[in-house]
Amino acid sequence: MIWDWQYAFEILPRLLKVAHVTITATLGAFVVAMILGLVLAFARRSTNRLLSGVTYFVVEFIRSTPPFVQLFFLFFVMPQFGITMGALMTGILGLGIHYSTFLSEVYRAGIDSVDKGQWEAATALNFTSRQKWVHIILPQAIRPIIPVMGNYLITLFKETPMLLGITVVEMLSQAQIIGSQSFRYTEPITMVGIFFLILSYGASLLVKRIELRMDINRR
Amino acid sequence: MSNIQSTERPHTEAPIEGKDPIVRFKNISKSFGDLQVLNGVDFDLYPGERVAIIGPSGSGKTTMARLLMTLEEPTDGFIEVDGRQLWHKEVNGNFKKADEKHLHEVRGDIGMVFQHFHLFPHMTVLKNLMEAPIKVKGMSKAKAREEALAMLEKVGMAGFADQYPARLSGGQQQRVAIARALVMHPKVMLFDEPTSALDPETVGEVLEVIKEIAKDREMAMLLITHEMSFARDIADRIAFFDEGKIQEEGPPSQLLNEPKTERLGEFLHRFGIDGKGHNV
Amino acid sequence: MILIEVHLEILKNLLPGAVPTIQLTILGAMLAFVLSFMGGLGRLSRFAVVRGLAGFIVEFFRGTSLLVQLFWLFYVLPFMGIRLESGMVGLLALGLNYGAYGSEVVRSAVLSVPKGQHEAGIALNMTAFQRMRYIIIPQAFRTMIPSFGNLLIELLKGTALVSLVTIPEMTFEALVMRTSDAAHTLEIFTWLLLIYFAIAYPLTMLMRWVERRYSLGRL
Amino acid sequence: GRLQFFSSGESALQEAKDQKSVVIGFANEKPYAYQEDGKVTGEAVEIAKKIFKNQGITNIKPVLTDFGSLIPGLKAGRFDVITAGMYITPERCKQVAFANPEYNIGEGLAVQKGNPKDIHSYKDVANQPDTTIAVMKGAIEESYMKDSGVKENQIKFVADQPTAVALLNSGRVDGVTMTGPSLLAILQSAKAKNVSVVEDFKQPIIDGKEIKGIGAAAFRPEDKDFVKIYNDGLAQMKESGELYDTIHPFGFTKKDLPGDETAEEICKQ
Amino acid sequence: MSNIQSTERPHTEAPIEGKDPIVRFKNISKSFGDLQVLNGVDFDLYPGERVAIIGPSGSGKTTMARLLMTLEEPTDGFIEVDGRQLWHKEVNGNFKKADEKHLHEVRGDIGMVFQHFHLFPHMTVLKNLMEAPIKVKGMSKAKAREEALAMLEKVGMAGFADQYPARLSGGQQQRVAIARALVMHPKVMLFDEPTSALDPETVGEVLEVIKEIAKDREMAMLLITHEMSFARDIADRIAFFDEGKIQEEGPPSQLLNEPKTERLGEFLHRFGIDGKGHNV
């Protein structure tokens, strides 16, 4: 027997009890990643060589190395320098920073895809650099990258189990804990899988809607 | 037609009394890599004056406008706008390369309509016209809307205020582009083939708008065009551009009827204008 | 001197773990790349059936986490009579998971090519396939590269999860070593970061090179 | 470091004997089973090696995985036996067939140096609701503590032993609990400065009985023959004193040797 | 137009003996949502014939060409190309919507030059011209290269074979776009404002190329244009398009000099053509 319905219903409430941890961590980290990612994308485009060089290196390094080790440093090593944060907060920041480096690359691609004529038209109307970005370029840069940003929202959902490394128990860890008590893993892990699927499918429907809304009248 | 110009308004050969040029190109050169596109352009434009630039394809007309619009940097030479250096900044008597802040200031006097329009695809037609007045000039929303609608009315596009640009025909897009530049009321307007996508009827209407606004505001205009009749109609002066330089300039009547250089003669002949400025 | 020995010891343990990490990264990337195009173009197909199927598969593998997929392939599939070896499980799960992400990248990039390009292709009487192959994809590819670069790096780090299916890759080796030598956790983790970076950086460089190659004709 | 992509399928005692090899699964937990310098060792592994060797099975293929994957892995045929010093519990008995006990030990507790909260038992933890204790995810101590009245929010789950010690060392929890030998081993390896073991830890009493941790190897329920030869081998070692010699180097003492209870009897309790 | 119909050839005032039309629009309508753009268009084009379409901006000229190029589907009516249904397929006497395979077949007879050129930005100019002959017509590389270079020579762009389109001026891009369509040697060519970005001199040259090729190959041409002089120069027949219909058609001399409808008279008047077809 590989599936036991009664058992599945028994453990459902325990799984749902930590659902909010998964959701908070995901959304929190995504917001951090979106904002910081934009800052990094700008810093890399900066004409200040030092700023763009340092940003380049930092982005590449954070992007290329495992986030759980970064979380370890944030959680266990930073306190030695007097910076102590709660576990969930550390998790949100850590994952947020990690994925901001990815989003900065995504933004770069989006910005590059805006037609050069749009920059020129904005210059001709004498917008300031800031206005160009906010009103002309970014709105057009975001549209083609929305699906990819959706990818990262979904990725973050699924990366939250990593937070166990810094003592945050979210759904998948909870499933494993439940499993370890009864030695039936298939049900809890599969249920978490389905829950993730529902969340990420919901996210992807949302992304589709935004995509459609932004696409309307454009082409 | 207008091959007989009134003498009331003198031209470059006879400078406009007491007025300084609003735009002055001094020995401007521009290369793209190995390709030298502009090769020592000297050119003055006076307030309120309308100059048409004609010349073969690829001769550098667009490039000249782009330098003035600060979209491209000159390789050599100076451009002055209303007495101020455009690409340079005077610091203690020395010329330094202008920074973005300086460009932003001087550029405020100039507007441009692009050959490919470059409307903002994510905004409705109305928003396309309102964005810059509000954001750049700090105009109130209500006022900007009012002016934008009035301008759309003038170019015959009032019915399309809430459309997105992708839905418009070529000529409709071009009219919106013209309106978008005009609502900024620059002192100098650059038109890069502003009527190429318009039918003659609409050309006539748009022309009226441009002329009217020019009269009201003493707006100077630089018109790059391939339509001689348009040039003749609207321009106070025509400049013939070839091989990276202005080869010849003068009032339409003179330039089109009695070209001085052989090159211009040839150019006009191909167009089918005889010595009398008539189509043959 | 003791210090050097410690570091040598760490490297001696970590470097063998880098071998499966690199193997899985390369093979997984190849599989994911192929699947990305199949999935992404499938979702844009004219045929509703293909679209629906591709959409379902993509949402499924994107929505359930890599960990859950690994778990199913390795621990549950044998009950259904299919026993895949650990390397195959790791490769399949990585390929399917990142292929699903990649297909969104492909889809959005293809959509970002201006409509006029399709029309020019039609006017030259190219078939739908020829338009895709010679006109649209070469242009879309340029837009995909930064996102593919991101995915490649993510896949590299995703290999850390295959320890679940008993593949002793590098992260796992580090964690194992940490158990027997917890006092040197910091050193072990620092080396782990450095080795990941050392693997990732050439990949990043490669992607930049590809990006430059495909930027011909852009101003 | 080589990857395998395909397998032949099938597994059992006979196959192990034919091929002279057996696949053992273990989680990295000192001192029961762990990997060091590329070699697999630990009390459970060493016992298994000796028993199998007597059966002519000389080739031991170790598969390292995390603790939570041990039982699913065994059942999915990913290895033939779990040699991780796994405790025998009634719940686990429903899933796997345990061999007879290898050791019989108690729990251990480590706290901050000087024991500022004055904790000597799980009850003490329960009585101070602001106290938090780190426990490995999936470890037995969670249920011991809960049965002693410790609240869910006092328990901090961690992924592995070093993390538990790191938490304690950095003051993020007040205590760490795991089996006695494990605790000693990890503290020794971590060289944590701010940590000390509670020497007079009182073993929890549950259902009126003092808890004892009884560890054993585990097989798939259908591999009865495997369990039998393993039990025979273990009995021999016990008699000859070889069992003590084998587990002693890993920090086990005479009092940690198993009694005469069989796995079957323990499962029924 | 169809107010004077000869019985033999229902359309042009001077019918082409013994020939069937290569393109026939029958009662074609097209709406975008609520907006009815084409409203029962009837139109024939004969092999080797050159027809200019004129009309106000936004009247639906481009839309008409796009329907023929299969870029847009008609809401109603039939289009025939060389005797075959374009948007429909006859199966056992019933008309079914055409599938992609059918479109691909019929479309092979038609070529188009777009108002916005739509050159392939990732290919050099030469590759832009070689791609379709090789891939679509299965021409050998060497042959395609040779033909492409010859065509570039004709439009005066041979020197730019290895450039990427983004580097070209507007007129240069347009010439490449024309060349790209011509190397496919379609039976019918659609030009959407093919000379809007060209100076008169280049227009003349391009015109020569087009005419020459038209003569060689019996290629029919549909030219959407705003330049009356261009229309007069090149067209056998001019069709005036307005309010979703062809309002009037006829040989240039007749149509431009003696417009029958009031609407056309107005339209021409704005353009400044008097009753004699001369600029005023």
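Chains: A, B, C, D and E, in written order; residue numbering restarts at 1 for each.
Just so it is clear, a residue touches a chain if its C-beta (ideal position, glycine included) is under 8 Å from a C-beta of that chain, and two chains touch if they have at least 3 such contacts.
These numbers come from a predicted model, not from an experiment.
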Give me the chains shared as neighbours by chain A and chain E.
B, C
Going chain by chain, each one touching the next, work out the least steps from chain A to chain B.
1
Between chain A and chain D, the fewest steps along chains that touch one another
1
Which chain's centre, taken as the mean of its Cα atoms, is farthest from the centre of chain E?
D
Just give me the whole-number Å value for how far the CA centre of chain C lies from that of chain D.
36
Rounded Å distance, chain C centre to chain E centre (Cα mean):
48
CA centroids of chain D and chain E: separation to the nearest Å works out as 83
Per-residue overlap in chain B, given as positions that touch at least 2 other chains
116, 167
Which chain C residues reach two or more other chains?
71, 75-76, 79, 114, 185, 219
For chain D, residues contacting two or more additional chains
72, 166
Taking all chains into account, which pairs touch?
A-B, A-C, A-D, B-E, C-D, C-E
Enumerate the contact residues on chain C facing chain A in the complex.
59-60, 62-68, 71-72, 75-76, 79, 101, 104-105, 107-109, 111-112, 114-115, 143, 145-147, 149-150, 153-154, 156-157, 160, 171, 185-186, 189, 192-193, 196-197, 199-201, 204, 219
Tell me, which parts of chain B touch chain E in their complex?
1, 32, 54-58, 62, 115-116, 167-172, 175, 192-193, 196-204, 226-229, 266-268, 270-272, 278-279
Per the contact definition, I'd like the list of chain B residues that touch chain A in the complex.
66, 69-71, 100, 104, 107-108, 110-112, 114, 116, 118-122, 131-132, 135-136, 163-164, 166-167, 180-181, 184
Touching residues (chain side chain A, partner chain B) in the complex
115, 117-118, 120-121, 123-129, 131, 135-136, 139-140, 143, 214, 216-219
Please give the residue numbers of chain D that touch chain A in the complex, ascending.
67-68, 71-72, 91-92, 94-96, 134, 137-139, 142-143, 156-159, 163, 166-167, 170, 172
